[in-house]
Amino acid sequence: MSSTKKYNWKGKLHEVIYEADTPAGKIFDVILLVFILASIVLVMLESINDIDAKYHNALYIGEWIVTILFSLEYVARIITVKKPKKYIFSFFGIIDFLSTIPMYLSFFIIGGQALVALRALRLLRIFRILKLARYLGASNQLAGAIKSSRAKISVFLFAVIIASIIFGTLMYLVEGEENGFTNIPKSVYWCIVTLTTVGFGDIAPQTPLGQFIATIIMIMGYGIIAVPTGIVSAEYTRSANKKDEENNGELEKTHLNSQTCQNCLSTNHKDEAEYCYTCGHNLHLD
Amino acid sequence: MSSTKKYNWKGKLHEVIYEADTPAGKIFDVILLVFILASIVLVMLESINDIDAKYHNALYIGEWIVTILFSLEYVARIITVKKPKKYIFSFFGIIDFLSTIPMYLSFFIIGGQALVALRALRLLRIFRILKLARYLGASNQLAGAIKSSRAKISVFLFAVIIASIIFGTLMYLVEGEENGFTNIPKSVYWCIVTLTTVGFGDIAPQTPLGQFIATIIMIMGYGIIAVPTGIVSAEYTRSANKKDEENNGELEKTHLNSQTCQNCLSTNHKDEAEYCYTCGHNLHLD
Amino acid sequence: MSSTKKYNWKGKLHEVIYEADTPAGKIFDVILLVFILASIVLVMLESINDIDAKYHNALYIGEWIVTILFSLEYVARIITVKKPKKYIFSFFGIIDFLSTIPMYLSFFIIGGQALVALRALRLLRIFRILKLARYLGASNQLAGAIKSSRAKISVFLFAVIIASIIFGTLMYLVEGEENGFTNIPKSVYWCIVTLTTVGFGDIAPQTPLGQFIATIIMIMGYGIIAVPTGIVSAEYTRSANKKDEENNGELEKTHLNSQTCQNCLSTNHKDEAEYCYTCGHNLHLD
Amino acid sequence: MSSTKKYNWKGKLHEVIYEADTPAGKIFDVILLVFILASIVLVMLESINDIDAKYHNALYIGEWIVTILFSLEYVARIITVKKPKKYIFSFFGIIDFLSTIPMYLSFFIIGGQALVALRALRLLRIFRILKLARYLGASNQLAGAIKSSRAKISVFLFAVIIASIIFGTLMYLVEGEENGFTNIPKSVYWCIVTLTTVGFGDIAPQTPLGQFIATIIMIMGYGIIAVPTGIVSAEYTRSANKKDEENNGELEKTHLNSQTCQNCLSTNHKDEAEYCYTCGHNLHLD
């Protein structure tokens, strides 16, 4: 019976950590998000010299508090899940691990701090707490539109890169090193800056011929900007129409909750679901 | 009877101030708009040192004239409305108040002048005087398209912010302080400048690796620009089609006037309306 | 009979000058376009100091040749048309006049040269010589899409201007004169540069708060860019669909020629037309 | 029989060089792509002074290895094809020739190196090796959408150029040489930089009037950006709809291979094809 009890304890912790439907689970997720945001703000503040000079110790301590809490959370996640390997090698498992280790790494190697940038990805958890199936639906639809226009966008990106290499080399030959086009990779970089209409202006053509070629590149870029927009727009209209035909808003009435199966970690279960739709594991009994 | 008379006087003033259908109301609104524009021009001229040095007194007097007229108008609006509280806490009530007080505030605190920027919002009144239900319809349709794509745009903006934090931190680590990426918030700022294809160029990557990452950010930004456009475009086509089906241009024939109910301040009454469609108050009798 | 003869001579000249269907008319139009292009190139070359210093006399003579030819053409156009007033006050009549006079004006006033920029508008004649009803159709369809989305684009532009005034004033207060935001009009100018994602970078926010506000402006601008695109795109799809339904490509088979009625100057007559569809004047007999 | 044997040997080499269906053909294409990429990287590295100074000899040898291999490949292609003229004057024939000769040219003339930029175009072969009829279909659809909106885009580009000339001349007159607008061609260049929202910022208006005109140009450019996007988007939606109606995905099931006819060089044969669909030549027997 003690085994069952222990199992129950794990089950409850699992519910708190992995779900946002119970009050405890909601509180846990809110606290977690606050700490994720705090950890990002901490890293940002550390990078500002004036602030780091004044409050170095406070920031250092804060960073350790966040690291210890993240470590505890990571361990708890592994313990309460039935198949820890599945969690560890899942997208969020890897992100959780990488956002926890930078401080430990800083003992051994310098630069391990680079991983802290990945903490921002943890913010994606916000979608779960908002429990907005609507938002997930929106992102699915977006992903769908992007996915079905993948082939076209690949062709397009390929064309952009080839054009950049050709025009970049041309500009290097026309403008030369004295006008900032010091080598071909830099020229290609300038070409992409121009094609995408970003236009930093740190490098700019000085010779009349260079400016003429730049004009062609810009007008081309202007036309090119229309292509991915047209593609996504058309695919999106299409998928929206299809969805309109298939169900007249019916699907939207099905409410999905933030439950995560303890066994296989699949999400988006229906509210009335008793068993996991992927592996058949009982969702509530544990 | 004097009460009725007074009431009538108030009613007439209400008609002049709040409506643009009578000749007097039209003249009032035109004069008001001229003064709003004049007040904005005044503030702009004051900010130009050369002009302020030369004509300081004239500008100061002009500012006071505008302030006094705005004060009178504000008081008149409160007096002639049946439920002053409703007006005071309405969108335009607050804007009217805030555009009136800066000069009074300047006696007590410096910086109160910041509120003058809000005067521009008063220009929105122009839609009423133009009496263009057509324009209002256009802005409603726009608002509708934006509203129904809100969820998708939120997901999108969230993705942009997370990407900016990750790439911003990365660029800070790659480029470092010596190339202008002095701290992470500034790097994130640069990243948003680049993703949105604004590209000021006050900060620009100098190292080859930094330029390579910048290239990825720009091409990503290029693809990302397609997403909100595609969304709005698709939603817009959809809502336009729906409207086409529902009414074949019939709704557009219904002419709405600029009448404002004296009781509840609701607008967009039909031309033939005798009573407010929201509260049942008689629109013309007062 | 001499009157008829003279009339015939005028009629023939009219056919040469105003139409591009006869070989003579075609040659006339090609020569005219060459001179228009030459006149634009002349003005450009004159503006380049090195070239002007070397070839000043040649350019001066060239400019006079162009001016005299344009004058002759202008007089011929007036003589051969039945209702000269109609031509003189038509769009092309005014453009023709303004592109002819700059050299004459240069005797009296300096700065009259500014009008030469309008010569570029004469290039629009190219559409007639290309005789591409297809292109005219394309530009009509474009104009139609823009026209039917006029109301929406007005609302949109109005919103952009109001936002620019508000944020421009805010940036002036936050950044101040020491960071390049020397006065409110300049701040508003910077705001529009940023909102439209042009981003020159001659002025850029330096304070953290200013950069934060700039971030908001940029992301807003990013969203805003989606709106006019979505509108035009939707209107365009709509009008294209409508056209598809109405005629299945049938209209495109009707061939329109470049004939201009000698009497009322209306264009786009059908190939088989004998009389002007606007005024009933005989198109070929004169 | 020796003639047949020789023919067979040529046929086999043809299969290896021109096709990617046999294992040998696949390996050949992968190796070729690696060398194309290597040749592009070589040219880029050569252009970087530091690297060229250190490894000049290695790069020079590498360049010669690539040139000799490209020469061998070019000769092999000519030998194994039945109608060499057709190959030599085909798009890829010319590209292959131009990417091979720069090193030979460098003996005679300086600047022949400019042709190396064209090597990037050889990368287009990647589509064949990926054997992705899907991608080819995608690029065809794109090309179709662009083709059918050609007339509209021409009108649009023409309008952009005329507007640039007019506003460019205006800005030259307003800003003058002291603010960087040294001559009209440069002003026109600046105008295109602004209209396309690139905005380098190497030239920027300094006078209030110039900044006001710039504002108009930018807002115009903002509206103009909507036009090509709207066109492509609408054409694309249209062609996608048409394709949806014609075949319900049936065409996509027909699998095309990378076979090239030895006789007429036509590609995209069906998997079950025995004879060339263009000239009737036997595809496999040789």
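Quick notes on this structure:
Letters A, B, C and D name the chains as they come in the text, with residue numbers starting at 1 for each one.
Going forward, a residue touches a chain if its C-beta (ideal position, glycine included) is under 8 Å from a C-beta of that chain, and two chains touch if they have at least 3 such contacts.
Predicted model, so just to flag it, every value in this text is computed and none were measured.
For the touching copies chain A and chain B, the fraction of interface residue numbers used by both falls below half; the interface is of the different-residue type. When the contact pairs of C-D are matched by residue number against B-D, A-D or A-C, over half are shared only with A-D. The distance from the centre of chain A to the centre of chain B, with each centre set as the mean of the Cα atoms, comes to 33 Å.
Each chain gets one centre point, the mean of its Cα atoms, and the points for chain A and chain C are 46 Å apart.
Shown for chain B are the residues that touch two or more other chains, namely 185, 197-201, 225, 229, 231, 233, 235, 237.
Taken pairwise by the contact criterion, the protein chains are fully connected, each one touching every other.
Those residues of chain B that touch chain A in the complex are listed here as 151-152, 154-156, 158, 162, 165-166, 168-170, 172-173, 177, 182-185, 188, 194, 197-201, 204, 208, 211-212, 214-215, 218-219, 221-223, 225-227, 229-231, 233-235, 237-238. Only residues 197-201, 229, 233 of chain D touch chain B when the two sit together in their complex.
Chain C meets chain D in the complex at residues 40, 43-44, 47-49, 111, 113-114, 116-118, 120-121, 123-124, 126, 132, 134-135, 137-139, 141-142, 145-146, 153, 157, 160, 185-186, 189, 192-193, 196-202, 225, 228-229, 231-233, 235-237, 240-241, 244.
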